[in-house]
Amino acid sequence: MSHHIVEVKDLRHTYPDGTAALNGVSFRIHHGEAVAVIGANGAGKSTLLLHLNGYLVPTGGEVRIGDFPLTRETLPEVRRTVGMVFQDPDDQLFMPTVFDDVAFGPLNLGLPPHEVERRVMDSLMRVGAEHLREKPPHRLSGGEKKRVAIATVLAMSPDILVMDEPTTGLDPFARRQLIGLLKEFRHTRIFTSHDLDMVLELCERVIVLREGVVVADGPAREIFRNEELLAACRLERPLSMQGCPVCGNTARQSEDITRKRKEAMDE
Amino acid sequence: MASIEGALLDFKRLDRLAAGEMAIHRLDPRAKVLATLVFIITVVSFGKYELTPLFPFFLFPVVTVAAGDLPAGYIVRKIALLCPFALVVGMFNPIFDREVLVHLGPFGVTGGWISFASIVVRSILTVGSALALVGVTGFSAVCSALERMGMPQTFAVQLLFLYRYIFVLTEEGARTARARELRAFGKRGKGMGSYGPLVGHLLLRTWERAERVHRAMLSRGFDGRFHVRRPFRFGVVETLFTLGWSAFFVFCRLVNVPDLLGSLVTEVFR
Amino acid sequence: MHMADALLSPAVGGTMWAVSAGTIAFSSRKVRRELDDRKVPLMGVLGAFLFAVQMINFSIPGTGSSGHLGGGLLLTILLGPSAAFLTIASVLVVQALFFADGGLLALGCNIFNMGFIPAFIVYPLLYKRVVGKHPGPVRLTLAIMVSAVVGLQLGPLSVVLETWFSGISALPVSTFLLLMQPIHLAIGVVEGAVTVAVVSFVHKARPEILQGALEARPIGVHLVRTVLIAFLAAALLTGGIVSWFASKDPDGLEWAIARVTGKEELKGPEQGLHGALAALQNKTAILSDYAFRKPVAPKNGGTQPGDETTKVEESRLGTSVSGLLGALMTLAFALLSGFLLRRRKQPAGRAGN
């Protein structure tokens, strides 16, 4: 598994009730890339994500993770390689304590106890949640839940991180914290989100879905400048790329300001 | 809807108590579960007219509450609200059982009243000890204790899952009920016509949540089996705790301590 | 109606515990053998659903009162008997521990009354037979109504019997039945109606959920028979053993036995203590003659003041007063020790934090 490539070829999915959610989606994501899949509600984003670790079986087409096509035989390996963080952390944290929850994956991998312990502590440290280890999940705040959910996935040491709506329901501080954390990762990262400002900050590349088809795939800034495309897909420019109604800055100026602020923060 | 939120808050409070750090919290949960079981069995094993010998048993819940630093007022209030069924049924005892058993000065006390009083004391004791057990142990620990004492894993896992999602679903239920409450005026809109779909919606959402949880489990390599770490240790302290309390209970079961004490005092002052 | 610890004798409570524990073991094995790992989260989350739903009320027309769904039948229809039984049992465990609905000893009874009856009696013997393979709406409604009503007659009946066999309550069986059954007829009808409403809602929105449950392999007659036979055997065995021990205790005989055996059994430091107390008890023998307990012949309710008690009639007052006094003193001692313990603990606790 030298290159963590995600390749989707002409992927189609029709649900049992006849709804066609994906109608031939193709793309290729390379090692270390951060890619956002955006689109209106019902455009097929979540369906697409559920194919990436084999929870849904394609009606047509193919998914390849690394060097393997996704089949029943490669499923366990693929699920270890692709770490999925779901939208609602309450769905992901089901064990009695944070520690047990983060240990759930490594224990399922059959790792020895000391290795499990090490991985749990490493991943919790990574997301800054080691002080929460003995807490039950229902007593965490929204931001803490999200970070622990990410730790549960990191403990499997995946090569590819897939996250569905990572910033939903977080307060601005927790959101900022999370974006900072996601920036540090060197994994191949795939997000879906309606938080286009986050997308702009984290991803160089954006894939736009509409009615189960890829209508655009390219550099984030380029796509966010294409008003026509955005309108057709029920999207709009990220706020940081819009002109400011209060101080009268133009879009270009506010973009510069955002970039400067970003650079300042990165230092 | 005040009741559902109140119940949830109450639930959360008891749950938080269990996170205490007193010495009794750190005991192996099996010791506490065993002692509580012996306690309950000895308490209910008294005959229906035995009232005074029950009193030494108060020592156990009281000491547990104190040692666990639980808020006594809260526990007492909780006990006071409980067991309406036992009380209602017990109320019939004085009506049906009128044989006078004891004379307190000029008053004759019937067997019915004595057995009713006994039912009340039993309720307080059994309920109090159960609450104290949860308060100093915590639900998940009680579950793992029971599992290590032979409860099937499937059921233990079921209890843990249930416990985890009670918090999520009660909040969801409370939100739904509130939404109905806000648009229902008086009794209107709160009948069965709206109840069926409301519960139906909640059920569907629950079902979908179960599917999402299952997905989350699969993506972390779940294969139908649970691997849980077990940090407990049944050491000397636990053995002493269990044996000590059990010996006390059996002793109080066999010797009527209050009667002894009372007669001693009346003898002295005679 | 949750059965309560205070009304139970150890024999009945123990028997029902054994029965429920056995059924839990049986159902757990069965669920695990099905190897449907989707059921693991489904059962857990549906248990939480049941818990939440029991807190939401609806108003019952014309009565001014309100009710809520019990849900045992609904869960059994959705999950099948074994999984539903485990789910209901788990909810009752949480209720017993956190809301002390009933208590820990009564848990066995409650699991039987509210879990075993709908899942292993009403569902296979009644619901499945009435509903058939491909039910129309009328047939489904009928099956649910009948099952709900019958289930809610059997549950209270079982409560009455458990109370009666325990003999703590003095309420005559006939009166008790007259109090319980008609009310539960009404409750059963309401439960049936609500279950029908929920099931038809689900049927419209996601038919495949119910379809899966309907087409599930019906549990064979032999399975029901196995469970029932195992239940009877467990009930007879534990009931026999426990009541053999228990029958000795209320009639005062055990005091004598204890006096004989107590010294041998209690060892170590207790021996000295017990010895001292026994000596003390001998000194005060006239007063502590347990007149208070002598006239009691509990199980059959009748009280026969024997001639022995008339002899100690004089000391009766003394005994009962001393008994109550002693009880109050013990209570005060218990509370005081708690108070002292806490006083001592508090600074330590603060230092710990």
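Labels for the chains are A, B and C, by order of writing; each one numbers its residues from 1.
We take it that a residue touches a chain if its C-beta (ideal position, glycine included) is under 8 Å from a C-beta of that chain, and two chains touch if they have at least 3 such contacts.
All values derive from a computational prediction rather than experimental measurement.
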Top of the farthest list for chain C, CA-centroid basis, is A
Dominant interface by contact count, named by its two chains: B-C
Centre to centre, by mean C-alpha position, how many angstrom separate chain A and chain B? 43
Note: chain C sits from chain B at a C-alpha centroid distance in Å of 13
Taking each chain's centre as its mean C-alpha position, how far apart are chain A and chain C in Å? 49
Among all residues of chain C, those touching at least two other chains are 41, 44
Touching two or more other chains - residue numbers and ranges from chain A: 94
Among the residues of chain B, which ones contact at least 2 other chains? 15, 160-161, 163-165, 168, 209, 213, 217, 222-223
Of chain B, residues touching chain A in the complex: 15-16, 140, 160-161, 163-165, 167-168, 209, 212-213, 215-223, 227-229
Going by the contact rule at the top, pick out the chain A residues touching chain B in the complex. 50, 53, 55, 76, 79-80, 82-84, 86, 88, 90-97, 100, 103-105, 107-109, 113, 116, 136-139, 152-153, 156
